[in-house]
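Input: structures, listed below.
In what follows, chain A forms one complex with chain B and a second complex with chain C.
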Partner chain A sequence: MDFLVFQVPMLTVQALLDGLLLGILFALIAYGMALQWGVMNIINIAQGDLVILGGYIAYFMYLYGIHPGWGVIVSPIIMYFVGIGIYKLVINKVVDRDLFISILATFGISILFMQLMNFAFGADVVLANSGYGTTMLFNNSVTLPNSKIFSAVVSIVFAVGLVIYMKRSKLGRAIRATAQNARAAKILGVDTEKVYAATFGINAALCGVAGALISITFTIHPYMGLPYTIRSFMIVIVAGLGNLPGVALSGMGLGIFEEFADYILGTEFRIGSVFLLLVIILVYRRFKLSRKREYLK
Partner chain B sequence: MNKNLILYLGILIFGLAAPFVFPAFKVQLSILCILIVLATTWNIQGGEMGYNTFGNILFYGLGMYLCASVQVGMFFPLAEWTESGGEKTFVHTPVQFFQGMAAGLVIAAVVPTIVAGLIGYSILGLRGHYFAICTLGLGVAAGEISGGIEIIGAGQGFTTPPFPDVGGLEARGEFFYFLSFFALVFTFITVRAIYSTRFKLILNAIRDNEDKAEAMGIQTMKYKIIGWMVSAFFCGLAGGIMGGLVGYIDSTDVAFDGREMGVFMVLMAILGGKGTLWGPIIGATIFHIFKEGFWTFFLGWQYVALGVLIVIIVIYFPEGIMGWLREKYPEKFGEVVDEKDRKAQVELK
Partner chain C sequence: MKIRNILITFFSAIAILFSTSVVSLAKVVGDKIILGAAISLTGKYSSNGVHTQNGYNMAVDRINSMGGIKVGGKTYKFDIIYYDDESNPKRAAQLAERLISQDGVEFMLGPYSSGLTKAIAPVTEKYGVPMVEANGASRSLFTKGYKYLFAVLAPANLYLDVAIETAVELNGGKGVRIAQAFEQDAFSQDVRLGILDAAERTGSEIVIDDKLPKELNDMAATLAKVKAVKPDVLVVSGHTKGALTAIRQIAEMKVDVPMLAMTHCDAAKLSKQHGKNSQYALCASQWHKTLTYKDDFFKDGMTYAADFEKEFGYDPPYQSAESSAALLVFKDAFERANSFDQKKVRDALAATNMQTFYGNIKFAPGGQNVDKPMVLFQVMCDDAGKCENKVVAPLKWASAELIHPIPKWSER
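So, the complex of A and B:
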């Protein structure tokens, strides 16, 4: 085998660490998707585009001289209202309809966002320079940008904060009740319309945080949204709805897989391998379930 | 029956005369034919079988690459052709061009059919939105992977053989128009024949309740795979023709263009009305006119308009034009309506 990874063992450590930190970020996006999927039964294809939009907010803060690290506070606040706007305009009309209708409608939103961002921000690949520096490990053979560590820490803080919020607050309880049984919740006095709007808003806010972190650690581009959607979808189906530790673990697993695919197959096949992995996972689950004469629901 | 015959003859004559009546729109009319083929075959899957797929673009792109590769590879080394990037080092003689095109189209139709048969058993076991997302993944993965393969041009694209020097631009337009028009006629005849058999009823049974259909003794998997293979056959054929028509193949922008063509076929079928024979045809025609209008008058804003259009169609017209007509004039669709009952329902509304 003449792959670089096997010749230089330290690269394995590098890929593992990179993948782990990247995966935590993916898990944050997937958490938002699991939330709205569980509560509203909607698969949001525009998830990745919300992420990219959040990233551009941080990038513009950077352009105007504010440190992009503050984007993780500002971006979710703006994205929350963007999410509520999308809900009021489109999503509330497809909430109780067939899932395919919601997929198509959000696909439309995704195309719309992609092109609007392309007009507004240009088609260049950009990144917000945080100036956090890098940490060298293992006798300088493994480099770890501090921004990646920052992003992982912020993701964990937001995820844990949201879990506590969902457990303790009144809105959190209402959201969980709606997820269990929307009709019963309505009878018992929960304003499900408001809960749906808040859920979509929270999802968009999480995307905003993730986007701001991505603009600091990696790069953003108006057309890069769809892979993030597919990744979060994949993480959610591997973990199962409502299984938060599972989301975190499978997110990290996906991150590590991607880094290794990048080293072994080459960067040009990175996105392709993510999409292929999705197909393989779905087919594997289908064969496993068909032994019990069941299917993925 | 007689009325139908006159209608078909009229359309056939119109189709044959169209390139001479509207010589300026030959390319647009050929694209319209291809779009109708794609929408009609998507309808076999999404409309009749109830398996909403974003993945027919896989067969379309596969057909496109295969047709061009065969057309080049039959006479010249393929790797050198793609490396030269359309430089005129190798020139097809007219005979070579048409021979290559014929062989290429056969391969372009047959290989995707086989591929659909091979992957059908695994993929078609998924249902509902899992199937939709899985096929979306397949289409995008195919685009990304083919963009990394050197022999078919990788990132820089693949120039299909230029039309030989017989009759110039006019002849080229007419050749591709008639090719796509005959593909359309072939598709229509096949699909219409399929829809009058028991096969269509089985597909509808799968759409309405797959478990019950299986319990009634129908081998659903077999019919699902056959249905997918039929769509794959025509998608591959359409892709092969489109490759020659466009003249340039790029992995993500032309061949496996899930963002455009992959969504267009779904949209056209939904706009016209899922699960009807004429729905996709009407939908494709209206959509193509709209699209060309957008592309001409709102250049640059076309994707914005497209996104808005998708949202509006999906939210407000999920039944499509045929569905709307059916609700309004049920008698024309062979439904027996009790006039009193209908009036009572209208009053209720």
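So, the complex of A and C:
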């Protein structure tokens, strides 16, 4: 236990800001998970692997001399089609089944993706340099990498854009109707098959954005996906499926929690503390993986 | 229906088992000395696994083309059976069993990483199979009393020892304040023990002692503490991701520290991935191509590097060089033993005292190489942003002068 973070006020500020920016990025990944969980009742264990795949897209752009910042545009477009592909191949066969089957199926996809990425891209840890520089606050005692600020801003833009899209567009309305009651929506003429595919595609696209952002703020590696799955799972069960402001808040909360756990318990307990928190919350809420589809607001 | 499926699975399993075990190779077939190796060709160690394999292959070709190995008046050539251990210790141990009991291999080369070497060593020891390994540096490998394990590299606790001593020397012999962050794995924790020893010896003080998780990609908290505490030396060891993450975040957070010492810089291709941001980092290395050791097969480091690049298309990391050296050691031992008797070869290995392009090799009773110090290189960049690793310590091999203290970010 180390309480240096509270003894030096600037460290407290640093931890808060770092956690906040990180949390916004987590919230974006969690939002994708909440969306497809709500609509399709599928817990996607491969969420983190989709994120990493998105990161590799930005990384390869960087390798070929394109600024990795453009990854936030290119990566979601490619990932959308990857998502549709996964849906057509696997997910559409498990979408109406038991939750357990879907967890198994996505777990399989996760392993497959890890191995394929390792095979295709190699086991090296890689990153893309954005060259965005650093913002210094309080006379250089608090530093914020601009890449983290960029990540947070892009995440917010995509999240807000998606909310508006869900409210205004025809597909958005169809998605919400399917989430509310798939059978009724089908009877009323909504092509639920298409809606499911689009939802999974949108989720993969959000993962693509997040992955591109992670490649310029942190590092990527074929086996680094799981922590992102766990974090988004955790954010979603804290916030509830239909609760977007809740997802944003619990994302930021998790980011700050992680950052302080890092300072106080040590970096080695960072992910551990997330798991611990997950267990505590599950026990506290006596969370049952409800088969009831919640209404996505 | 179900029973039929089970039967089919059962019999096909047996068929597969037989089809692979029918061809049993002995230790020496015709004019070939067959060595066995489990290497990580897939999984998380695959890049370093490939470096290891390339190093082995390079040496096999070279030794074979330069006359092979002379034992009992006859000339033999090396051949290696490789299996992919998938970066998995359990699999590595199984494959070692298979190499020895099914393929009849009587001499082994090591896998990549301390963890996998630890998994294989008990197996080779059980069968009395001499193993020369080049990629397991963990100190715990050499304290178990293994009789058949020989490592051409210096043990992990010596990796950054030199850095602390240099820092103390530059501080006028007074102890320094050390901040350190190490991953939670056998290798990095051994490096940490080495630092603790060095700190005690020199009267230095450890002011930050952080542990890093294996899924590390953010060490902002550690670095923020470093900024607040202002140590004289920052030591980071967490394989390639540790090196990459540290450099990225040190640059982003503008962390000023007079000395930054790390491991795995060349495996992480630091200067390529981070360019000028990696400048001034001090890196521990088993080998560097500019060292002036010599042998008859590869001549010296520079020639080795050039030949390696011609063959495989990249500059050899030390993982490849040390792997090549392992074969030179085997050749030397076979010729001195003048026999393929495992015990005699083992004794010859234990008595090894030679120089290779990679360094001097002489084994302590524990099996580690005690005749080859670690070197430290510093990443140095020119104005155009082209970076190079230059050896700065020990002074005997230094090709450039250590830049100390590291200039502040505001002055760069």
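In this text, the second predicted complex is superposed on the first by the 283 of 297 C-alpha atoms of A that agree within 3 Å, B and C clash if a C-alpha of one lies under 4 Å from a C-alpha of the other, contacts with A are read in each partner's own complex, and residues count from 1 in each chain.
The working rule: contacts are C-beta pairs under 8 Å (C-beta built on N, C-alpha and C of every residue); 3 or more make two chains touch, one makes a residue touch a chain.
Computed from a predicted model, the values in this text were never measured in an experiment.
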### Message
Which partner chains sit in contact with A:L104 here, chain B, chain C, both or neither? Use first/second/both/neither.
### Response
first
### Message
If we overlay the two complexes on their shared chain A, which of chain B and chain C does A:I271 touch? Say first, second, both or neither.
### Response
both
### Message
Under the stated touch criterion, which partner chain does A:H221 make contact with: chain B (first), chain C (second), both, or neither?
### Response
second
### Task
Determine, under the contact definition given at the top, whether A:V279 touches first (chain B), second (chain C), both, or neither.
first
### Query
Taking the superposition as given, does A:D18 touch the first partner, chain B, the second, chain C, both, or neither?
second
### Task
Kindly classify A:N140 by the partners it touches after superposition: chain B alone (first), chain C alone (second), both, or neither?
second
### Task
Please indicate which partner A:A212 is in contact with in the superposed arrangement: first for chain B, second for chain C, both, or neither.
neither
### Message
On the A-aligned overlay, A:K93 touches which partner chain: chain B = first, chain C = second, or both, or neither?
### Response
first
### Task
Pick out the shared contact residues on chain A: the ones touching chain B in one complex and chain C in the other.
115, 119, 226, 266, 268-269, 271-272
#### Entry: Residues of chain A that touch chain B when the two form their complex
43, 90, 93-94, 97, 99-101, 103-105, 107-116, 119, 226, 230, 233, 237, 266, 268-269, 271-273, 275-276, 278-279, 282-283, 286-287, 290, 295-297
### Query
Along chain B, where are the residues that touch chain A in the complex?
52, 122-123, 125-130, 132-134, 136-138, 140-141, 143-145, 147-148, 154-155, 259, 263, 266-267, 270, 300-301, 303-304, 306-311, 314-315, 318
### Message
Using the touch definition from the top, list the residues of chain A that touch chain C in their complex.
### Response
4-5, 8, 10-11, 14-15, 18, 22, 115, 118-119, 122-127, 129, 134, 136, 140-141, 143, 145, 147, 214, 218-219, 221-224, 226-227, 259, 262-263, 266-272
### Query
Can you list the chain C residues touching chain A in their complex?
42-47, 87, 181, 184, 210-213, 215-222, 224-225, 227-229, 239-241, 244-245, 248-249, 252-254, 268-269, 273-275, 410
